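Right after this note come the structures.
Two complexes follow with chain A in common, the first pairing it with chain B and the second with chain C.
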Partner chain A sequence: MTQFIYGLLLYIFLMIPPIAALFESMMITHMHMQMPMLVISGFLMSGFLLRRSHRFFEKWNHNGIPGITLFMMIMIYWTIPRTMDEALTMQTMEIWKFMSLPFLAGMPLRDSWKKLTKAGKNIIIFIFTVKYFGMGALYIWSEESLCNNYLVIDQLTLGWGFITTAICLVIYLVYAFTVNPSEYE
Partner chain B sequence: MHKNFHSTIALLVVVSFGIILLFIGTDGFKAFTEESARVNRLMEEQPKVPNVTLEDSKGRTYPISEFEGKFMFITFLYTACGTVCPQLEYNMAQVYDLLPQKYMGDEIVFLSISFDPERDEPETLERYRKAFKSDGETWRMARIVDKTELNTLLEKFGVIVIPDGQGNFTHNSAFYLVDKTGSLREVMDFTKIEEAAEKVERILEGEQVSKR
Partner chain C sequence: MDAAIEQNRRAAVLSEKKNKVLGVCLEDARISKSYLAVAFVALLLGGLLGLLQGLNRAGVLELPAWLNYYQILTAHGLLLVVVLSAFFTIGYFYAGLSHTLGGLLPKVRKLAWIGFWTKMVGLVLVVVPVLMNEASVMYTFYPPMAAHPVFYFGLVFVVLGIWMLATGAFINVAHWRKNHKGQHLPILAFFATGVFVLLVGATAFVAVEVLFMIIPWSLGWVETINVMVARTLFWAFGHTAVNIWYLTAVSAWYVIVPKIIGGTRWNDYLTRVVVIALVIMNITGGFHHQIVDPGISLPIKFMHVFMSLAIGFPSLMTAYAMFRVFERTGRRKGGKGALGWFKKLPWGDVRFLSPFIAMAAFIPAGAGGIVQSTNQLDQVVHNTMWIVGHFHLTLGMSVVMTFFGISYWLVPYLSKRVLTPQMNKLGVIQTIIWTVGMVIMAISMHAAGLFGSPRRTSFTTYGDFAETLGWNPLMTAVGIGATLLLIAVILQVHAVFNMMFFAPKGEVEFPIAEVEKNETAAPYMTERWGIWVVVMMIVIAMAYVLPLTDMIVNAPPGSPPFKTW
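The block that comes next holds the complex of A and B.
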C-alpha cells in the first residue's frame, strides 16, 4: 500500500502543469525523465491492482510475453518524433501519454518482468540497446529537424542521451554474459 | 498447455493493438514526424492566404492580394540566419532559373517573406536580395511589419518559428505554392529543386491550356 501511495504521489507530481511544462521544455528531459517516471509511477501503483486481479493476469499473461510486448509497443510508440510533438500541441495526446505510460507500460512491466526467464530479460534489454543506438543515430545524424517544437540542439542532446543509455545497456549485457555472480559468493 | 493458449491469444491481441496504435499514430505509416503530417494536412486543407501587408526591399507597401490572379512561390526566412535560410534561398534561385522566363511576373511571382521584421528592414532585405541576384520585381523580398498579420500567416501555413534566445530561430522550411485564387496549392521539399521546378512548370502549363 505504501508503494501505491508513492506511485500516486509521483503521478500527481508529474501532472502538475508547471512541472510537466518544465520536463517538456527540453526534449531529453521529456523523453528520458518524464516518460520513464510515468512508467515508474505506474509500476509502483500497480502492485496493489495486480494483487487484486491476480487471476486475470495469471491466465492471460502466464509467461509474461504478452505483457512485455505491450510494454515495448507503448515505449516504441512514444519514441516516434511525431508523438512527442503532438503531446505538446494536442491536449488529447498529452492525456493519452499520461494514461498509456503508467497503465499500459508500467503495469504490464511489473507483472511480466518477474515472469520472464533470464534469457528473456536479456533479449528485452538487447532489443532496447539496438533501438536506443538506432534512435540515437537517427536524432544525431538526421539532416532535418525531426520535431517542430524543439531546437536542433535539443535533438542532438537527445541523440547522445540515447547513445549513452545504449552504452550502459551494453555494459550490463557484457557483464551478464561474462560474469557468473556465484563465483564471488 | 491451456495457459500457453491464453498467453498466445493475449499476445496476438497486444500485437494487433500495437500495430493499430502505430498505424493511427503515423497516419498509416506515412508520417513519422510532425513535419510530414503537417505537409499532408496542408495539402488537404489548402488554406487561403490571409490578407497581410507586405513591405518589400524597395520600401513599397502593399497587400499580398496585389498578386491575386498570379501564382505565388513563397519561402519564409530571416536574413540573420546562417544555416538553412541561405540554402533555402539558393535553392529558390535555382527553381527560379529552371522555370521558363515567359511566366515570370505575369503568371507567377517569387516571394521571400521574412519573419524577423525587427531586423529585416528594407535596406537589409535589399542587401540580401542582391546577394541572391533576385530582380526585386518578379522575385521580391519582403517583411510583414504587423506582428498579428505575420503570426496569422505563419499559423495558416504551419510555419513554426522558435527563437533560441540568441537572435536565431529554429524553423521548418519548405517551398509554398499559392494559386491564383490565393489558396495554398503545394508544399514542396526545398531540397528537391528539380522536382519542385518541374511540378510548378506543369501546373503553370496546365493553366495556360485551360485558358485557351
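The block that comes next holds the complex of A and C.
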C-alpha cells in the first residue's frame, strides 16, 4: 500500500500543469524523464492492483510474455516523433499518454519482469539497446526537424541521450555476460 | 577446482582470524601510515598558507613580492582539498579494507605502492609550477586562466595514482566476495567500495577535461578552449571529490563512532541504502556550482536544483540515524528524561568529541548548502566570502574534524602504540581550539559575504571606499580565526607524528560497531554493485547530455590562454 501511495503521489506530481509543461518544454526531458517516470509511477501503483486482480493476470500473463509485449509496444509507440508532437497539440493524446504509460506499460512490466527468465530479461534489454542506438542515429543524423514542436538542437540532444543510454545498457550487458553471479552469491 | 576454492576460503578465514588476534598486518599498515603522513604534512603546510591568507585579508600582513596571494591561495586549496583529503581517505580505507577483509592481497599492496609514488610524482609536478608562480590558477584551474603545462601533467599522474588504488580496492573486494559467497561485504569495505566507485567516476571527468581539452590548449596545439565545457567537467569532479571526503567522514559516523560510545550500529540495510543513494546521485550535483554561469538555460538550472537537493535526502537520513544511535546508547547507559542520554556520551574522549562537533557543524553547513543550491539566493552570495565560509564549515569542520577524530585511534592502531590519557587531553584541547577558530572564521566569512565582500581577492580597501571599510572588522575576525586554526594544526600534526613514532607501545582496537541483536539482514541486492554503477551512469548521462550538447553545438569561438597574475 505504501508503494501505491508513493506511485500515486508521483503520478499526481507529474500531472501538475507547470511540472508537465516544464518536462515537455525540452524534447529529451519529455521522452527520457517524464515518460519513464510515468512508467515508474504505474510500476509502483500496480503492486496493490496486481494483488487485487491476481487471477486475471495469472490467466492472461502467466509466463510474462504477453505483458512484456504490451510494455514494448507502448514504449516503442511513444518514441515515434509524431506521437510526441500529438501529445503536445491534442488534449486527448496527452490523456492517452498519461493513461497508457503507467497502466499499459508500468503495470504489465511489474507483472511480467519477475516471470521472465534471465535470458528473457537480457533479450528485452538487448532490444532496447539496439532500438536506442537506432533512434539515436535517427535523431542525430536527421537533417530535418522530426517534431514540429521542437528545434533541431532539441532533437540532437535527444539523439545523444539515446546513444549515452544505449552505451550504459551495453555496459550492463557486458557485466551480465562476463560476471558469473554464482562465483559470488 | 572445488578443492582450490575451499582452500582459498580457508586461507581467507584464517587470515581474518589472524588479523583479529594479532592486530594490524605490518605491511598493510606501512601503506596506510605513508598516506596519513603525507596527509598531515599537507595539513601543516596548507594550514601555514591559510594563516598567511587570513592575515593578509585581515589587513595586517603584506605579502612579499616573490610570494603573491594567488600563489598561496592555489597551494592552500590544493594541499588541503586535494592532498590532505585524498591521502587521508585512501590511508583510512586501505586500513579498513586490510582489517575487515583479512589483509590486502600482495598484488593489491604492490598497486597501492605504485599508486602512492605515481601520486607523489604528480604532486611534485603540480607544486613546482605553483612555487615558481607559473600556476596561480587556484585549485579549480578554470580556463581561460592557463598554468604551465607541467601543472596539468602532474594532475594526470595524480589521477592515474587514484585509478590504481581504486583497482586495488576492487580486486581485494572481489577476492573476498569469491571466498565469502552470499555474505554481505563488511560495512567499512562497503563504504570503501562506494568511495572508490565515486573516485573513478569523478576523476574520469577531470581526466577528459585535462587530457583532451586543457593540455593540447596549454601546449599551443589548439588555439582556443570551450570554457563552459571545461568548467562543467571540472565541477562533475570537484563537487564529487568534496562529497567523497564527506562520505568518508560519514563512514566513520556510521561504523566507528557507535563503537566508541559503547553502542551498536544504525540499521545495516538503511546504512547500505544511504551509501548507494549517495553514489548514484552524487556526480550530477556538480551543476549547482554553476548556477550563476551564463549559457545554461534556467529550466536546466531548475532541474539541477532537484538533483542537488536529492543528495540532501540521504544526508537527512544520516542526521536522524546518528542522533538515534546516540539516544539509544545514552539511554542504555542509564540516561533518563528527554535529554538525560546526552550527558551519558563520552565527552572527554577525543575520538568521540571531534566527530560529534563535525556532525553538529553539518547542520548549519548543510543549510548553507541548500541556500547556495537555490538560484535566487545564490545570486546574492555566489562570488562572495559566504561561499568560503560554507566550505570551511563543510570541509574544515564536518570532514576534517572527523578525520582528526579518526587519527586518534587509527594512527596508534597502525603503529602498534597507544593513545595515552595525556594525548587524549591534548586532542580535546586541539579540538576545542580548532572549533573556536573555525566558528569565528566561518561566521565572519558568511557575514562578510552577505555584505558583499568578494572571494578570491587579496586585501584591499578599494581606495578607502566607505561601504567596503565596513567589511574590515569581519576580516580581522577571519585573521584571528586563522591564527587559532594554525595553533590547532600544529597540535594535531604533533599528535599524529607522536602517536606514529613516539607513543608507548601497545595494542589498540580497530573500533567497528556491531549491528543490533536480532536485526533482519539486509537484502542481497545491496551487494550488486555492477547494477548500481550502471544506474549511476544512466543518471549521469541524463543529467549531462542536455547541457553538454548545447554547450558543444552552440559553442562560442572559445578562448586563448590567459595569464592573469
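Observations, loosely collected:
Basically, the second predicted complex is superposed on the first by the 184 of 185 C-alpha atoms of A that agree within 3 Å, B and C clash if a C-alpha of one lies under 4 Å from a C-alpha of the other, contacts with A are read in each partner's own complex, and residues count from 1 in each chain.
To be clear about the criterion, a residue touches a chain if its C-beta (ideal position, glycine included) is under 8 Å from a C-beta of that chain, and two chains touch if they have at least 3 such contacts.
It should be emphasised that the depicted structure is a prediction, and the values quoted were computed from it without experimental measurement.
When the two complexes are overlaid on their common chain A, residue A:Ile5 makes contact with neither chain B nor chain C. Between chain B and chain C, B contacts the larger number of chain A residues.
Contacts of A:Ile123 after superposition on the shared chain: neither chain B nor chain C is touched. Once the two complexes are laid over each other on the shared chain, residue contacts for A:Ile19 go to neither chain B nor chain C. In the overlay built on the shared chain, the residue A:Glu185 is in contact with chain C alone; chain B does not reach it. In the superposition on chain A, contact of A:Ile95 is made with neither chain B nor chain C.
Contact with chain C, but none with chain B, is seen for A:Tyr172 once the two complexes are overlaid on the shared chain. 153 are the residues of chain A that lie in the contact sets of both chain B and chain C, per the superposition on chain A. If you check the complex, the residues on chain A that touch chain B are 59-63, 65-67, 69-70, 73-74, 76-77, 80-83, 85-86, 89, 144-153. Put simply, chain B touches chain A in their complex at residues 3-4, 6-7, 9-11, 13-15, 17-18, 21-22, 25-26, 31-38, 160, 162, 164, 170, 172. Residues 174, 177-178, 181-182, 299, 302-303, 524, 527, 530-531, 534, 537-538, 541-542, 545-546, 549-550, 553-554 of chain C are the ones touching chain A in the complex.
Within the complex formed with chain C, the chain A residues making contact are 22, 25-26, 28-29, 32-33, 153, 156-157, 160-161, 164-165, 167-169, 171-172, 175, 179, 183-185.
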